[in-house]
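Here it is, the structure, as C-alpha cells.
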Amino acid sequence: MFTHQQKLQYNATPEKPDADYARKLQEVIGGQYGEITVAMQYSFQAWNAHIPGKYRDLLFSTAAEEFGHVEMLATMVAQLLEKAPLGITENAIQDDPAVAAVIGGTDMQHAIVAGAGARPVDSMGNPWSGSYVTASGNLLADMTSNLNAEMQGRTQVARLYHMTDDPGIRDLLSFLLARDTMHQNQWAAAVRELQEDGLEEMPTPSNFPQSKEATEFSYTAFNFSDGQVMDRGGWASGATPDGKGTFTYQSEPMVGVPMPPPTHPDSRFYGTTELPNAVEKTAGTVQDKLNKE
Amino acid sequence: MFTHQQKLQYNATPEKPDADYARKLQEVIGGQYGEITVAMQYSFQAWNAHIPGKYRDLLFSTAAEEFGHVEMLATMVAQLLEKAPLGITENAIQDDPAVAAVIGGTDMQHAIVAGAGARPVDSMGNPWSGSYVTASGNLLADMTSNLNAEMQGRTQVARLYHMTDDPGIRDLLSFLLARDTMHQNQWAAAVRELQEDGLEEMPTPSNFPQSKEATEFSYTAFNFSDGQVMDRGGWASGATPDGKGTFTYQSEPMVGVPMPPPTHPDSRFYGTTELPNAVEKTAGTVQDKLNKE
Amino acid sequence: MFTHQQKLQYNATPEKPDADYARKLQEVIGGQYGEITVAMQYSFQAWNAHIPGKYRDLLFSTAAEEFGHVEMLATMVAQLLEKAPLGITENAIQDDPAVAAVIGGTDMQHAIVAGAGARPVDSMGNPWSGSYVTASGNLLADMTSNLNAEMQGRTQVARLYHMTDDPGIRDLLSFLLARDTMHQNQWAAAVRELQEDGLEEMPTPSNFPQSKEATEFSYTAFNFSDGQVMDRGGWASGATPDGKGTFTYQSEPMVGVPMPPPTHPDSRFYGTTELPNAVEKTAGTVQDKLNKE
Amino acid sequence: MFTHQQKLQYNATPEKPDADYARKLQEVIGGQYGEITVAMQYSFQAWNAHIPGKYRDLLFSTAAEEFGHVEMLATMVAQLLEKAPLGITENAIQDDPAVAAVIGGTDMQHAIVAGAGARPVDSMGNPWSGSYVTASGNLLADMTSNLNAEMQGRTQVARLYHMTDDPGIRDLLSFLLARDTMHQNQWAAAVRELQEDGLEEMPTPSNFPQSKEATEFSYTAFNFSDGQVMDRGGWASGATPDGKGTFTYQSEPMVGVPMPPPTHPDSRFYGTTELPNAVEKTAGTVQDKLNKE
Amino acid sequence: MFTHQQKLQYNATPEKPDADYARKLQEVIGGQYGEITVAMQYSFQAWNAHIPGKYRDLLFSTAAEEFGHVEMLATMVAQLLEKAPLGITENAIQDDPAVAAVIGGTDMQHAIVAGAGARPVDSMGNPWSGSYVTASGNLLADMTSNLNAEMQGRTQVARLYHMTDDPGIRDLLSFLLARDTMHQNQWAAAVRELQEDGLEEMPTPSNFPQSKEATEFSYTAFNFSDGQVMDRGGWASGATPDGKGTFTYQSEPMVGVPMPPPTHPDSRFYGTTELPNAVEKTAGTVQDKLNKE
Amino acid sequence: MFTHQQKLQYNATPEKPDADYARKLQEVIGGQYGEITVAMQYSFQAWNAHIPGKYRDLLFSTAAEEFGHVEMLATMVAQLLEKAPLGITENAIQDDPAVAAVIGGTDMQHAIVAGAGARPVDSMGNPWSGSYVTASGNLLADMTSNLNAEMQGRTQVARLYHMTDDPGIRDLLSFLLARDTMHQNQWAAAVRELQEDGLEEMPTPSNFPQSKEATEFSYTAFNFSDGQVMDRGGWASGATPDGKGTFTYQSEPMVGVPMPPPTHPDSRFYGTTELPNAVEKTAGTVQDKLNKE
C-alpha cells in the first residue's frame, strides 16, 4: 500500500527556464535507466520475492523512494518549461536564431501534448516501456541488475551535471548522485550478503546441477575475433570467480559441427524448396493434394 | 568485419518436433536477455570502447560468439517446427484436444508469417528491440550489465531445461549453460580487473568529484516502507563496498521539503489555472490577447 | 513523496492456482487501461497541474491508491502462479491434454522470465507503455480521460469476473469494481464541478477564441457514410451540449476543394517526378548539378 | 466499403515552407490523439458495434471524415517540406545558424526516409500504434473515450495555432478546430442519449449486478495523500452522479489487510528462497531431485 | 476525401464461431503485411507522390480498396467471436480440455478488451505500427515494396486457407487471394512501366551520379561465408540486371582496412579510457578540472 | 558460426566532428531499412531456408557482409561525436546560437546514454525493432523484399550524401552506395533466377491452386477513387505479368454485398445492444442470470 505526502525529498527548483534541459532530464525520468524503471523494477522484485525479511524490506523501501525521485524530476521539468519559449512566442522573437535553436532542441510534445508539463518518456521521446524492468525472482541476478541500473543511472546524471550551470538543477542532481552512490553500495552489499548467507552463489542460478552442463566448455575463453591481447586478462587463466574452475584460453574459435540440413515443412506453408514445384507438378502429388483440399 | 562459416558451434538437433517448445526457445533468441541482445550489446560496447586492448578484444570475441548462439537457436527452432502441427493439419486431427492444445500454445507467426521458421521475437511474440542494449562507454557499468545479462540468461535457460525432456534440446541447452557459466565468470573477472587496473572504481563513474554530491545522503539507508528488519542487512551499518564511507540507517523517510508552487505557463497552452477564464474574461487581458492574436 | 506499508488495501488471495487466469489478470495490471496506467496518469496530471487545491489533492490521492491496486494484483498473480503447471511439470502430466491446454494459454514469460511472478505487461504480453498516459494540463479534457479510463477498466474487470469462479479472485475483483464505481463517480463529479467553478467549459479548451474557428462547420453533422438514420440522434438537430450552437444535419459529405498539385522537392531527394530523368539528362541541368556536387 | 475522391474537405495550402512546423503537425496526424487514431478508433467501434442504427451510422460517418483529415494534414506537411531546408542545401547556407536551427528542429526522417513527405508518426518520430485505439463494444465507455479524444485533439490544435502565423496553416487549423467542436458536441450528445435511451448508465457497464461489488467501498473518497482540501469537492459529499449513492469522505487511507506470505514456486524456477540451497543441499531433497531429472 | 458505404466488397460470413481462427485472422488485419499496412502505405505514397496521373490514381484507388479489406476482415472476426467460448462460459464447459484448448489459443484481448470484437493488432497481439509503412517518394523503390507486400500477404492468406475448412471463411479468403493476385500483377506492371516510361531505372535512385560511387565495388560478389556454390548463381557472372555492368565473383571477403583507433571523447562523459583515472588523478589535470567546474 | 576481424571493409574516418550528422547516420544503422535490418533479415532468411545451395550461400554471405556495414557506420558515428559539442561544453560556447543549433539537432542519447557513442536506433531515436525483418521461407517473396530494402537503403544513402561535404564521410558513403548497387543487382538476378529455375513464379506463392481463388476478381482493376487516368497504365489492359491472365479495367468500385448484421455476443461482455438493459431488466432473464452467477 502506498501513501503520498505533498512534499519532496529534496529541493527541485531551477533558477531559470530551460526547455532544452527539460528534454534532457526526461532521460532520467522515463529512459531505460530512468527513475520510473528503478521504481517499477524494485516494486516488481518485491512483489515477486519468495523471502520475507531484510531483502524484501530493502526492495519495498527503495521502490517507494524512487517513485519520489520521479516526482522531483517531473516537478523540475514543469518549472524548466514554465517560462521557456516552446514555440508559442511573439513572432519577432521567433526569428531570433538563438530562440529558434532552443525550440529546435526541445521535446515537441512538452508543448503540444503536455502543455508545458513532464511526460513518461525519455530524452528522445520514446515512451517508457515495461520491457525495461528486470524481476526474475532470482535475487542474485536481480540485485546485480539493480547494481548495474544505479551505475548507468549515476553515469547519466553525472553527464547531465556538466550540461547545465543552473545552481538549482545542480542542487537536485547532487542529491540524485548521492542517492545513486548509496544505492550502488546497497546493492553491492546485498549481492555480497546473498552469497555470504548461502542463499545464492555463482554461476547463477546456483543450484542448477552443473553436472548437466557441457562442462568442457564452462571455463574456456575461445577467441572468435583476432584480437591479439585477449589472453592478457584475468579471464584467460587462473581461478574463476565462482571458485569452481580454472580459466583456459584458446586463440581460435571452436571447431564446430556441421549444420543440420535445411528443414522441409509441410508444402502448404509455401516455402521455397529444392525442386518442389517442378517435381510435384509432374508427379501430381503435392499439387494434386493441394488442389483437392 | 564479420565472416561466417556454415557450421554450428555445437549440436542443435532435436529428437522430435515440438512447436510449443519452439515458441519457448524464442525467449532466448529475441527476448530482453536473449542471444540477440548480448550479441548486439557486446558489439556496441566494443564499437563505443575508448580503449584498445584486452577489454575490447574480449568484447569483440564474445559478440561474435553470441551471433553464433542466435544461429544455433534459430536452427533448432526451425527443426522443432518442421513436422509439428501448426494449424495446417488434417481436419480429423484438428479435433483432437491434445493437438488443439499444442496449437493453442504455439507462436501463431511461426506458421502464418515465417512458414515454420524462427523469428527475431521473444516467447510472447514481442519483436526484439534496440532498447534492450546497454553500451554507455563506461566499462565498469557496462560489464556489470553484461554480468547481469548472463545471470538472467542462464536462469532462463535453466528453466527451459526443465520444460522438455528431448535429449537433443537438452544437449544444446547444456552447451549454452556452460557458455553462460564461462561468460558470467569472465565478466566478473573483468569487473574485478577494471578496478585492480585502476581504470574504474565505485561509485561509478569514479572520477566524478564526489565533493559535488550531497554527501550527507550518500551512505544512509532511509526506510520508505515499514519493513521491520531492513536494518539487519549489511547496507545499514558497517563500511560501504566502495571503501569510502560507513552505512547508517534511519527507520523513517526523509523529512522532505515543501513542494514548489504549481507552474503557470503561457495561457496559450490552455492548461487549467486557478480562476483564469473567469478573471481573464472579465478583465479582458488574456482573452483579449488571445482574440487579437 | 511516496511511502509504503507492507499491507494491502484488501484481500488478494485465490483459493487455488490458475496460471491461465494469472495471464488474464495482467490486462488490468499492465494493459492500456490497467492500474499502472491510471496510477501514472493521475500522478503526471498532478505533477503537471497548474492549480493547487482540491483537484490536485484528488489526483495525488487517487494516484497513490492506484499504485496499491497494482500491488494487490501483482500479489494475486504471484499466488495464482505459485503451484500452477507452467511447463515445469512431471513428464507424465505433460501428456495430459488438459494440462497442455492450460500451459498453452499461459504467459510464457511468467515462467521463463519471471519465475512464476507478475510482470508489467498486458494479457498478450505487450509491455506497459508510457504512451498510455494522458496528461495535457487541461483538467476538463484530462478528467474526461480519467472517466473513460475508469469506465474501460470497470468493464474489463466485470468481464474478468465472469471468467473465474474462484471466490478469492472474485473477492478482490468485487473490491476493484467498487473502487471503479467510486472513481467513475468522482471524475464525473469533477468534470461537472470544473464547469460549475467556471474553470473550463465546452468546447475544450474553452478560452480559445471561437471566432478563430471556421464556425460555419462547428455544428453541422455531415454524413460521410450512407447510413440512413444518422439524423435520428440528438447530434443532428437541437441545441448543442456546449450551449453555444444548434446542430444541423447534411446527408452528404462536404463538397470539398481541389487537391493542391503534387509537390516537387529538391531533386537530391530522388523522388520520382513527371519526366525528370529523361529531361534532366538531356538538358543536363539537374543531372549536371548532381554530377558536379 | 470506402471510396476516395481526389478532393480535400477544406483548403490545405501554406503560404511558405516551414519544416519545423511540418514536424509539429505530425502530432495531429500520427500522435496518440492524432487523426489516424480517431479514424481507426471510430472504424473499429463501428465494426465491433452490436447495434445497427443511429449510433453506428454516426461512427461510420465520422470515421470516414477523419480519414480525410489525415489526408489534408499529410498534404499540408508535404507542402511545408517542399522548398524547406532539410539538410540538403548549399554549403554556404548550412553555416547560417538560423538555417542550422531550423534543420535541428526538423523530423530527420522527413528528409532521409520520406524524401520531403509526411509519415505516420507523431511530432517526436514515434510511429503510430494500434494501442492508441479504444473500442470495447460498450458505447457509453467508448463514446466517453471519443469525447476525450476530441478534447485532447482540439487542445493540441489550439496550441499549434499559436505556433505559426502562416495564414494558410491557420486556415486549415480553423477548420479542424471547428470540426473538433462539432465532434465534441456530437459525442457529448451521444453520451447523453445513450443514457436517455436506456441503453447504458453509470456506473459502466451498467448491468453488471452491483450487488456483487464490495459496496461498502463504492462511494467513499479515501485520502491516500495529505492534501488538506480534497474534501471540498463534490466527490466528498452529496449525491453521486450515477444517482445510486452518497459520497462520503475519509481523510485517511484504508486500514488495509496483511500481505499474504511470499510464494514458494517449484524450485526449478530457481528463485531465491529462505534458505533453500543450504537446506536442500544438506537434506538432499530438492538438489537430489534436480540432479536426477 | 474518403466516403463510406455500409456494404462489403465481398461476402464475409463464417459458418460457425471459431475464436482461435479469429486470432489468426488478426495477422492479415494488423500484422506487418496486413491490410492496415497496405491501406496506409498506398495512402502515404499517394500523398507524398510528386506526379499526378496514372501512378497516383492507382495508389489512391488501391488504398481505398484496402481499407475495405480491413473492414471485411474485422467484420469476419467479430462474427467468429460472436458465439465462441472466450473464457466466459458455463463452469462445466470450462473443465473440458477441448474447450480449454480453444480458449488457450485465443487472443485474450478479444474477450477482455474488445468484448468479442476485432482489434488493430497482429496474431500475437502486437499493435499495428506506423513503422510498417514504406513511402519514400521514389516510386520504383516504393512499388517494389508494394509488390513484396502483396507477395507476403498472399502467402499468409494461402497459409491461413489451409488452417480452416469453414466454407464461409474460405470464401472470403478466395476473394482476398484473387485481389492479391491482381495487386501483385499491378505493381509488377507498374514497376516495369516506370522504367519503360523513363522515370526510374536501376540502380535506384537512378539519377544519383554513379561516378560518385566506389565503382570498383559495384558489381562484385564477395563471399563472406564459406558456401561452396555461391558462384553458381547469376549474380556471380554475366551482365547485371541494371544493364550497366558485369558481375564478378571473389570467393573471399574483402581484404579490409585497419580500424581507426578508439575515440577519446571529453572526460566529462565518464567513459573508460586507457589510464585516465590514475594518470589524471596524479597529474591533477582532468580531475582538477572536473573538481573546479 | 560468425567470426570477427578487427578490420573494416572500407575507410570510415571523417575529417571533422559533426554530431548532427552522426544522428542522421543512425538512420542507416538502426532504421527500418538500416544495416541492422538487412543483416538480420538475410540471416533469418538463411536460417529459415529450405534449400541448401547457391541461394542460401548468397544469403549467408550477404548477411555477414552487412554486419560489417553496421560496424563501419558505428565506428564513423563514434568519431563524428568524438570532439563534437554535445551539450558538455564551456559555458561561453553554449550561448553561441550556432553551437546551440548544433546541439538542438543532436541525438540526446548519444551524449547522455552512450557517452559519445553509436546506438541501435534510427535518426529519430526509435530503437531498432525485430518487426523490420521479413523472412517468410518463400524466396521469391523474400528476395523481392530484399530488392526493395536495397532500393530504399540506397535512396537514403544518396540523400545523406548531399547532407554533408566531409570527404571522409562521403568516401564511406560512396562504398555503401556501390554495395547497394551490387545488392540491388544481385537480388534482381536472384528473383529472375528463382523463376528461371522453376522454383517459384507469380502470383506468389505459386503452387497455391489458383482454382481456389475467386478468379473473376483476379485480373480486374476497379477504381475506388475518382482518378481519371488510372486506366492509362499497363495494369488496366493487356497481358498480366504472371502470364496467366489479361487485365481489365472498371471505372467504378465493386457493387458490393450487404453487411452482415451486427453481432450479439454473450451479455457478460457488457457490450451495448439494442434495448438490452431495459428489456432484460424487465424480463428478468439476462439480468437475473447475471445476478445469480
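The chains carry the letters A, B, C, D, E and F, assigned in the order they are written, with residues numbered from 1 in each.
Heads up, the rule we're going with is that a contact is a pair of C-beta atoms (placed from the backbone, for glycine too) under 8 Å apart; a residue touches a chain by one contact, two chains touch by 3 or more.
All of these numbers come straight from a predicted model, not from anything done at the bench.
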Would you pick out the chains that touch chain B and also touch chain D? A, C, E, F
Joint neighbours of chain E and chain B, given as chain labels: A, C, D, F
Determine the centre-to-centre distance between chain D and chain E, using the mean Cα coordinates as centres, and give it in whole Å. 24
Rounded Å distance, chain A centre to chain B centre (Cα mean): 6
Would you please write down the residue numbers of chain F that are in contact with two or more other chains? 1-9, 32, 48, 53, 55-56, 60-61, 63-64, 68, 75, 78, 88, 97, 100-101, 103-105, 111, 113, 115-117, 121, 124-127, 129, 131, 136-138, 140, 155-156, 158-159, 162, 205, 208, 212, 224-225, 227, 253-254, 256, 262-265, 268-271
Which residues of chain F touch chain C once you look at their complex with the stated criterion? 155, 158-159, 162, 268-270, 293
For the complex, give me every residue of chain F touching chain E. 5-13, 32, 53-58, 60-65, 68, 75, 78-79, 81-83, 86, 88, 111, 115-117, 126, 129, 131-132, 134, 136, 138, 140-141, 144-145, 147-148, 151-152, 154-156, 158, 161, 170-171, 174-175, 177-182, 184-186, 188-190, 192-193, 202-205, 208, 210, 212-225, 227-235, 240-242, 245, 247, 253-254, 256-260, 262-266, 268-271
Complex contact set, residues of chain E against chain C: 1-6, 48-52, 55-56, 87-88, 91, 95, 97, 100-101, 103-105, 107-109, 111-113, 115, 121, 124-127, 136-140, 194, 198-201, 205-209, 211-212
Hey, which residues of chain C end up touching chain A in the complex? 1-9, 30, 36, 40, 43-44, 47-48, 60-61, 63-64, 67-68, 70-71, 74-75, 78, 113-121, 127-131, 133, 135-138
Can you tell me which positions in chain E touch chain B when the two form their complex? 20, 23-24, 27, 31-33, 97-98, 100-106, 122-126, 155-156, 159-160, 162-163, 165, 224-227, 253-254, 256, 261-265, 267, 269-278, 280-281, 286-287, 290-291
